[in-house]
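Several structures are given next for inspection.
Presented sequentially are two complexes of chain A, the first with chain B as partner and the second with chain C.
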Partner chain A sequence: MAKIKVVEGVLKANDAIAESNARRLAEHGVRAFNLISSPGAGKTTLLEHTLEHYTRPRRNGANRFTSRASGWRIGVIEGDVATSRDAERIETFGVPVVQINTRGGCHLDANMVARALDELPLDELDALFIENVGNLVCPVGYQLGEEAVVAVLSIAEGQDKPAKYPALFRRAAVMVLNKLDLVPHCDVDVDALVEETRKVNAQLEIIHASCRTGDGLDAWYAWLDKRLGTREA
Partner chain B sequence: MAKIKVVEGVLKANDAIAESNARRLAEHGVRAFNLISSPGAGKTTLLEHTLEHYTRPRRNGANRFTSRASGWRIGVIEGDVATSRDAERIETFGVPVVQINTRGGCHLDANMVARALDELPLDELDALFIENVGNLVCPVGYQLGEEAVVAVLSIAEGQDKPAKYPALFRRAAVMVLNKLDLVPHCDVDVDALVEETRKVNAQLEIIHASCRTGDGLDAWYAWLDKRLGTREA
Partner chain C sequence: MHELSIAEDLLEIVTRTAAEHNLTRVSGLRIVVGALGNVIPDALEFAFDVAGRGTVAEGARLEIVEVPVTVRCNACQAETVLNDFAFLCTECGSVDVTVLRGKELYLDSIEGD
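== the complex of A and B ==
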């Protein structure tokens, strides 16, 4: 019983900090997206494509984070149990990035994100992508201050994941169904997967994509444009 | 500070129950293997192959769990956040199986396994496979009473996982590197993956396999035979 009370307390404390993060982001006009998936589903590669699409090389130091496609300025928080590899991949795009190492922890929490926000030039950003620790279970329970959760699912994980790990797919606003180039080489039924996902969350937007080939990512950019385009000044 | 103390308490309580599970399994001559991986890495398919290899159809109710290959009698505990799908897949082999649903929980703990052991005919078993919740982080911290941890890694997750999630690969006795049939279709360097894994754990036995084609599984059966063959009567 005492154990359960503590866990509730931790989650309540987390939610309070998440609300504070959300207020702080809103004050700076930054929209945050919390990317959650299994390890190796393709979150970082999705971000690399997204940065390639939206950012342009810095020119004489001016407007260095400005989006090529729409003017969006993007920052990234990378969450990992260990290593700074993902942040190093993101850094090559010249966008502000902070790596959080959880040192064994299975998810990001709002307090970690609050400290990462201290390191980011929030006044220079419109969008913030927070790449969570690769884990289909634990990150779902922790609000970070994001305005939307983005689920990424690799088709190579099999078609039963939305039914077996329903919480993420209930909470997400959009799912990028990734690695569809592998369908001919996997025993998986994409239609059945989509049908099962719809049973878990009928409102979930599902984007069919391959981050390896780039196929389908236009729908992802369109989703982001719609989401970012509705920003209330 | 109080929070950390509680977590330590939970882990200590878990370890005490795990030791009790281990004693109980030893008394019945059962060797337990704790299978840990990301969601969709192929744990259940590996078990299906293993049961296909070791068990034979029941004949007149006699010796119904007897191994075809070596006389080993096998039972299974399936851990999932939701659904009993994996247990249903295992049940078709006619072996004793118990499904644990964690209802949102991110790992099996020793107490869940203790209750599952109550439901298994331990006197009729030689080996017990415990398929953990698909999660590369949390299950690693919880002893269940197993004699060895088996890591399963899908090559489709990319080559950086042992470096980014080192705890599992440190604790495991063997790693089944699965889905190698996908190598021609993924941007992954298997040699680099093996080298990185060796840096995390030089003693880890690495088995190259494809559970889709069955390639390489002879090395897995050989590892199991060696492990089970050394049983002290």
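== the complex of A and C ==
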């Protein structure tokens, strides 16, 4: 009987591919955001608002998109267990989108994203949103090459989720607290939710929003502008 | 359920290491898992049992060592082992803390002949 010391990280292979994805994105000047949430928390709707904001001229004719700083060119990778429904929703905005079906897999990994990057016109993009499979647990362990993890939490999920699933809320740079329009209908104490979240990650930026009404999304755009704007600052 | 992907990654390291050391059978694995690693030991054992069939590590026993989260306070430098996931310093109460341990997920050693 021999005992052999190994000490090798289990996700080392994934992390290495994630680093290569990150290098590739950086070479093309693309900033990637990995969106993680439960199923139905509002990731796709948040993306739809984001695309509306950045890729479509405002109806009142305000000249918001002449400068590059506000007219970001966006690509999307949609991760789902099955169907291309989210990609179809995103395609209506005329932006490059790649659907990854994990066929039962509970998370996206760096290799899936590497293959999706092959299909995207990286030279023509400033930002890439990667919508992970809806799941508060498994996606957290897999780096994809993103510059930041965006957590989306809907208040209908209950105020205990950050405490119950701390790894995501530690890893995320920002949390969009969504569906605030449902507060009157849910037994949730938003202040307590924020307090519980702060205990897990005091540095986490928390954006209060409702993707249904559009309330609060200006703070999300401001956060994105800050992240995207730093490249040319 | 990402334990299956983890089991497959583990198996890749195990079969490679076994070949390097001329082991024909791997009977035990020691795996270190941090509390922030989101790995359920029972699920990992089950997944490895399934993934390992027909390989050099078929039927291997898994020893899973769980590492609690330890943080260092950036204000007073004290180290705190967290009993729950309240990330704060028990010495001075600061929430400006850095995670030192608890994110581990690695194969520590294997046993076999």
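General observations
Everything below uses one rule, namely that the second predicted complex is superposed on the first by the 208 of 233 C-alpha atoms of A that agree within 3 Å, B and C clash if a C-alpha of one lies under 4 Å from a C-alpha of the other, contacts with A are read in each partner's own complex, and residues count from 1 in each chain.
Keep this in mind: contacts are C-beta pairs under 8 Å (C-beta built on N, C-alpha and C of every residue); 3 or more make two chains touch, one makes a residue touch a chain.
No experiment lies behind these values; they were computed from the predicted model shown.
Applying the stated contact rule after C-alpha superposition, one finds that A:Cys106 touches each of chain B and chain C. In the superposition on chain A, no contact is made by A:Glu146 with either chain B or chain C. Contacts of A:Val137 after superposition on the shared chain: both chain B and chain C are touched. Residue contacts after overlaying the shared chain place A:Arg198 against chain C, while chain B stays out of touching range.
After overlaying the two complexes on the shared chain, residue contacts for A:Ala167 are found with chain B and with chain C alike.
Looking at the shared chain after the overlay, A:Val10 reaches both chain B and chain C. Touch criterion met: A:Gly40 reaches chain B, while chain C stays clear of it.
Of the two partner chains, chain B is the only one touched by A:Ala156; chain C is not.
Comparing the two interfaces of chain A, the one with chain B and the one with chain C have residues 2-3, 6, 10, 105-106, 137-138, 141, 163, 166-167 in common. Those residues of chain C that touch chain A in the shared complex are 1-2, 5-6, 9-10, 12-13, 17, 21, 23, 27, 31, 36-39, 84-88, 95-96, 99, 105-113.
Interface of chain A with chain C (complex): residues 1-11, 13-14, 105-107, 109, 137-138, 140-142, 163, 166-167, 170, 198-203. Touching chain A in their complex are the following residues of chain B: 2-3, 6, 10, 38-41, 80-83, 85, 104-106, 133-138, 141, 154, 156-158, 160-161, 163-167, 179, 181-182, 185-187, 212.
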